[in-house]
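Which chain is which? They are A, B, C, D and E, in the order written, and residues in each are numbered from 1.
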Amino acid sequence: MKDSRRTRPPRTIEPIFKSVASGTAGSVPGTPIYIGDRTPVEATLSLIQYNAEQVSFITPESLEEILAMQEEGMVNWVNVNGLADQDLIKRLCGYFRLEALTIEDILNTEHRPKAEDFGQYFFLITKMITRRPDCTVEYEQVSIVITRFGVLTFQEVPGDCFGPVRDRLRTGVGRLRRLGSSYLAYALLDVIADNYFSVLEWLGDQLESKETAAAAQSAGNRFMVDLQGVKADLNRMRRTVWPVREAVGALLHSQSEILEDGLDPFLRDLYENTVQVLDSLEVYREAAASIQEVYLSAVSNRMNEVMKVLTIISTIFIPLTFIAGVYGMNFRHMPELDLPWAYPATWGLMVSVALGMVAYFKKKKWF
Amino acid sequence: MKDSRRTRPPRTIEPIFKSVASGTAGSVPGTPIYIGDRTPVEATLSLIQYNAEQVSFITPESLEEILAMQEEGMVNWVNVNGLADQDLIKRLCGYFRLEALTIEDILNTEHRPKAEDFGQYFFLITKMITRRPDCTVEYEQVSIVITRFGVLTFQEVPGDCFGPVRDRLRTGVGRLRRLGSSYLAYALLDVIADNYFSVLEWLGDQLESKETAAAAQSAGNRFMVDLQGVKADLNRMRRTVWPVREAVGALLHSQSEILEDGLDPFLRDLYENTVQVLDSLEVYREAAASIQEVYLSAVSNRMNEVMKVLTIISTIFIPLTFIAGVYGMNFRHMPELDLPWAYPATWGLMVSVALGMVAYFKKKKWF
Amino acid sequence: MKDSRRTRPPRTIEPIFKSVASGTAGSVPGTPIYIGDRTPVEATLSLIQYNAEQVSFITPESLEEILAMQEEGMVNWVNVNGLADQDLIKRLCGYFRLEALTIEDILNTEHRPKAEDFGQYFFLITKMITRRPDCTVEYEQVSIVITRFGVLTFQEVPGDCFGPVRDRLRTGVGRLRRLGSSYLAYALLDVIADNYFSVLEWLGDQLESKETAAAAQSAGNRFMVDLQGVKADLNRMRRTVWPVREAVGALLHSQSEILEDGLDPFLRDLYENTVQVLDSLEVYREAAASIQEVYLSAVSNRMNEVMKVLTIISTIFIPLTFIAGVYGMNFRHMPELDLPWAYPATWGLMVSVALGMVAYFKKKKWF
Amino acid sequence: MKDSRRTRPPRTIEPIFKSVASGTAGSVPGTPIYIGDRTPVEATLSLIQYNAEQVSFITPESLEEILAMQEEGMVNWVNVNGLADQDLIKRLCGYFRLEALTIEDILNTEHRPKAEDFGQYFFLITKMITRRPDCTVEYEQVSIVITRFGVLTFQEVPGDCFGPVRDRLRTGVGRLRRLGSSYLAYALLDVIADNYFSVLEWLGDQLESKETAAAAQSAGNRFMVDLQGVKADLNRMRRTVWPVREAVGALLHSQSEILEDGLDPFLRDLYENTVQVLDSLEVYREAAASIQEVYLSAVSNRMNEVMKVLTIISTIFIPLTFIAGVYGMNFRHMPELDLPWAYPATWGLMVSVALGMVAYFKKKKWF
Amino acid sequence: MKDSRRTRPPRTIEPIFKSVASGTAGSVPGTPIYIGDRTPVEATLSLIQYNAEQVSFITPESLEEILAMQEEGMVNWVNVNGLADQDLIKRLCGYFRLEALTIEDILNTEHRPKAEDFGQYFFLITKMITRRPDCTVEYEQVSIVITRFGVLTFQEVPGDCFGPVRDRLRTGVGRLRRLGSSYLAYALLDVIADNYFSVLEWLGDQLESKETAAAAQSAGNRFMVDLQGVKADLNRMRRTVWPVREAVGALLHSQSEILEDGLDPFLRDLYENTVQVLDSLEVYREAAASIQEVYLSAVSNRMNEVMKVLTIISTIFIPLTFIAGVYGMNFRHMPELDLPWAYPATWGLMVSVALGMVAYFKKKKWF
């Protein structure tokens, strides 16, 4: 039943449990099994080795190539894209002496973000949040292992937001090349947090267009469904960033020897950024609630308007139609029918009734 | 009055107090009495004895058979299904020197989940949550007593989710056979928590179908009742898992000597799982609230549409009917009636009025 | 103004301040004055004296009789029903050396539940909650003073729920007769907490009937008023049990020497029971909110249905009536009127219009 | 800008910023300036001097008279009504060596309730809440300075609720005359808290009448505005009493030597009273929310009833009118018109249609 | 991507991400870059140098002029308006040995308010909130660096609320000239907090006018949009002042040697002021919610009224029209038509029906 445990917080509810396979019931705890709702992707490896003087980008053929190239005095950043090849991952983790539960956590792509100090290494699970072209928000788990000699990162699928870090490694601007592995890990976390802000920006744009539509009373029938979709995105992001904040806080307050001196101000800055993301998410949630109220009020106002038109037309013409009906009766003895001025008089009566009604509505400020 | 105390948190409100018998008023605290809303089931016993080398599955005839087979150096897992035979349970508990209040708690199947360290043994109450074929969620209390030499488990009715654990004991894969009684208890708790995820999955499926119905505006009159049913399920599950989380946390932070070294990472993993269940429940609760808002908005929109149709038809035809009524009057002196072009002119007037109305509604964007 | 202070949390708002007399303004703090909204009842006294060997039930003529019978080596339970005779209560409390503020608290029947350790005695205020035959919930304050030699209990009116305790004293089953005064106090608190469960049960029954009515759309105009009444009952009970829980917690964590050794497990059990009452109250509050939503949704659905019927009938017949009106006009030159097939053709037209409308509504799924 | 800072929490929003003068911008912090929204009242002074044996009530001509009469061995209660004469207040405070910020706080009548220990004196800001004859609630700040030799009280306007304390000083009943200045301060705070209960009582009465109106469906258009007014009163009172509770708590836990021994039980009693006020306010807030729900439900029910009447009348008569319209057509060839039994048959048809409709509505339980 | 991180909490959602440039992706953490959504303004500098005896106001040509004039024994207040000239700011900060992250924070005008002790200096970020003439609220970041010899302040744009402080420096009233740099910083913070009160006042005015409109049922279609705008302003202000309060609290509890002795009471006063701002914001938020409820209730009432008018008119005239229709039928055999009293009798019937309806509505209290 191990598998069914791995639930993914939903954008809407739909895609949650789609790919949950229930065939591995009874799996032993601590046995690494790939868990997730994506088609597992074959692992592609990359290694970046650098120190202040030099940097080399390697795309190796095999794991052994990487392991052979590990070198002290250099920072080694091993990045794994795709978690399908469990054997490879287990060998890699075994080389770095990671514990079984760490490997299990790496393979469970639905894990809650967390930070854990294992003495010889520091283990972090965080989430990369990016916007997909089809207007959905993608959550990808990134596991980061910080050792004294380098950093291991594990991603679910190819494609990440680490480009700026690679550029800075390549060009050598800033402190990055001069500092050690924990600063590299910080730089990766910082770039992930930066991406949160662009997703925030995009959600803000969506809210903005919804707000305009609600205020302009031009919202269609899908409005509420879409707005609830944005609210679900905000909720899910909040639930994801909240434990990320905790993980960064744990890193900040950790006494681990693996973290370089002087990293504290940077981690505090990172921590403040995640707090600001959460703050903005709160602002957006309030804004979404506010938009919903404006929309509902607009719907109600429009209903009122419709009712008023109906009422005005009805209450003006129903009495007139009655009058016309009266003189359409076929009684033989209706003295009015023979009076020559009766017809214009009836018109007069009808116009008076109509004007009286209009005056009444004017007084009631109905239009 | 002891009996009336045992309330069961309801799926809906209905089945709560059904079977509460009030005949045992004045019972002495600490006197074990079976309490619950099921027909008590006669106890069936089973014993599994194992160590790294061997394992034996025994379904004994009588309690004494079990007690005679207890053996040091082996882990003894005694499982009791059904709590009706109090005498048997008291003798079993007496053999293992459980305290009177522990026995009372075992027999009270409405007890809150908790963990308590009694020195010689560790006592846990947890809840098994499973989905019944008739689409309701079943809560069954499982009491677990961990001693140095084995584990006692007490269930309300036959049928449980411990199959995978029994399989692992039989086949000997993983650590289970090599480790002691506290690891067995962990394995049982882990399997129970795994089951939470399948119930979650099922609740998620229900929410999903509700969401589709709400968005497609195809929700029937029962929709709200059903949705509130799912919300009640989510609430009840949250109220059940919350103290389970506390109990696991107490186990995790316990200093009890009964717990093996090296169990901590597994318990932490278990703890994280219950936290994730609670997290997902929160997500689902928010989703349920969101679905409700979509539904209510759809209801309101449909009302609006109905009103609009009524208003459009009424306001177009009511003035026309009035005009027709006017020329249906029987006044002798109505000059229009004799004009040869009056009838087509009237038609013209009526078409103009109708077109004017339609133009007005177009301008107001009513259709 | 001392009097006006004593407010009683209301079932509905009505009965709160009814009997507040404002005639004692300026009373000195610490001066015992009976405060409450009941007609004060003359005190009736009773004494139960027991140890493991013997028990005697005494209904004395006067206070002095009780005081004379106090005996060491026996547990003395003095129960006072009715607080009107302040002089008697002051003498009684004086004999047991209770402090002035304790006496004031005993006489103030609107006091918040609390527990206070005075060294020589332990003072508890709790509330007995019972259901009155007229379907209201009655709150009666019970003050309990635990001394080394016995227990004093003070109730507002005759009639209590202590029958089971008296029975156990009489028959001598269980530990009660063998243990001291603090165990007696526990037994009384336990019986009071048991009563909470029967009130809970009754509130659950009420909610159940409301739920059925709401789901069956058979709720009348009083529905909402009644539901709010149940919610007010739940709220009031929660506000009452919450400090009771705190008081029991204070008793549990107290280091007072007056409490016997070995009482802890029982108090913990009692504490867990009050927690469970609060849990169930939360479940009921959520259920009440849920019922309200179902009811409001049902009201809204019914409105929708009414509107639909009106709209369908109106939009079918209004155009037909217009057509009939047209051919009821009295123009001399209406060529259609003279055509022999005009009348059946008009019927044909009208039937077509009606069928078209029906088809439109079918397509819109209005029925 | 010092002035604009002094905002007053509003009953409704209206009277908040009315009298805010913005002319003192740039005033130096710590410079005492009268701030408040009342026309400042000239200070009137009074002195009550007492010990266990004697008491004298003095209304002095000038401040100097008071200062001259200060006497050790007596408790001196100087009361100042009206804060307009800053010079007088500064001289008075100077005589008692109060710090500049204390004086500033005394003059700022919009200050939050608080308690502060200044070593030589203890400074308390609290609020007197009274009901004005015009059905509004009045908040008046009372600053209390407790020194070893007496108590200073500062009020905004003449008229207070200290009458009972003065009476007890005059008559000498109770402990008041026998104890020192901190007990006097307690007595004043106690009387202020007592007044909270009478305001509570009055708000409860208002809620009660609202509840009756809502349940009886006799609420007018002002209902909601009035109910929100009561809610605003409850909110404001809660926001005022909350810091008062904190201030009393600070007094209770203070180690200040100025506070007499033995004051603790009284302060604890006072603290419990403020807690009870807050509890009752919560109950009232819930009651107000409940009344609002009943009211809104009643409005909705009434709407439903109106719609039903309209629908029943319309759907019965619209088809009938159509039938009548058909036979009012003037086609030359309408065979029915010449049949002798056609007219009664038409009546029969119309009655059948009407009865069918009524039966339909009966079946739908519309009346 | 550094840039996209800097989100600005929105008044409404619109202006948030407008000017976010995404061109600086991959910038190195700790690299100062101007971030904000205003067109950066060239820096203008000013220096105020004072001690108890003298004060000089200097508007220097260049930064070097300022640096040259720094003098010990004087308090130096350097104010920078406009953050576009990063080079200048870096040189200034370098002179005062501010750390790189401090400089980055100064340049990031979207930073959360905070207080940080760097040993040699104390760094504060706060927000100036002012009302713009176009009825929006402007948030401007003010960074304050407190050193032993002076204060540095950085603002985004020219124009501030520090006029009163400059006046007090010029005229020398109060303590300001006599005390050191930390008191100057306090004075600046105090003036900023004072400004919060004037914005509060303005928001209160807006709420007041909304409340009047809602109660008078004269609210237009924009009402809800505007009210949500005020609510968004209140929310944003709360989110801004909340961390300001924390920052002031950190300053208050700081042990930094840079803060003068005797500053504590002033900081506590400042802290209490920010608490009061937050309190008032809560009151306003509750008031806004209350206004919204009044408005929605008024809308609903008006709808009810419209429906009632429609229903009354319809239900009176529809039956009458039916009667008239009946006697407008052209059956040859309608005996009533020939009766001489039939016409007046029909009128009688119609009047009776109308009066009956009116009586029914009177009884139902519909008007």
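The rule we apply is simple: contacts are C-beta pairs under 8 Å (C-beta built on N, C-alpha and C of every residue); 3 or more make two chains touch, one makes a residue touch a chain.
Given the structure is predicted, the values throughout are model-derived calculations rather than measurements.
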item	value
Same or different residue numbers at the chain C/chain D copy interface, by half rule	different
Chain C onto chain E, rotation angle from CA fit, given as a multiple of 5 degrees	145
Approximate Å spacing (C-alpha centroids) for the pair chain B, chain D	43
Euclidean distance of C-alpha centroids - chain B vs chain C, Å	27
In chain C, residues with contacts to at least two other chains	300, 303, 307, 310, 314, 318, 321, 325, 328-330, 334
Chain contact topology (line, ring, star, complete or other)	ring
Residues of chain A that touch chain E when the two form their complex	161, 163-165, 167-168, 173-176, 186-187, 190-191, 193-195, 197-198, 200-201, 204-205, 207-208, 211, 215, 217, 265-266, 269, 272-273, 275-276, 279-280, 282-284, 286-287, 290-291, 293-294, 297-298, 300-301, 303-304, 307-308, 310-311, 314-315, 318-319, 321-322, 325-326, 328-334, 364, 366
Touch list for chain B against partner chain C, complex	1-2, 4-7, 9-10, 12-14, 16-17, 20, 22, 25-31, 99, 101, 104, 110-112, 114, 221, 224-225, 228, 231-232, 235-236, 239, 292, 296, 299-300, 302-303, 305-307, 309-310, 313-314, 317-318, 320-321, 324-325, 327-330, 334, 336-340, 342-343, 346
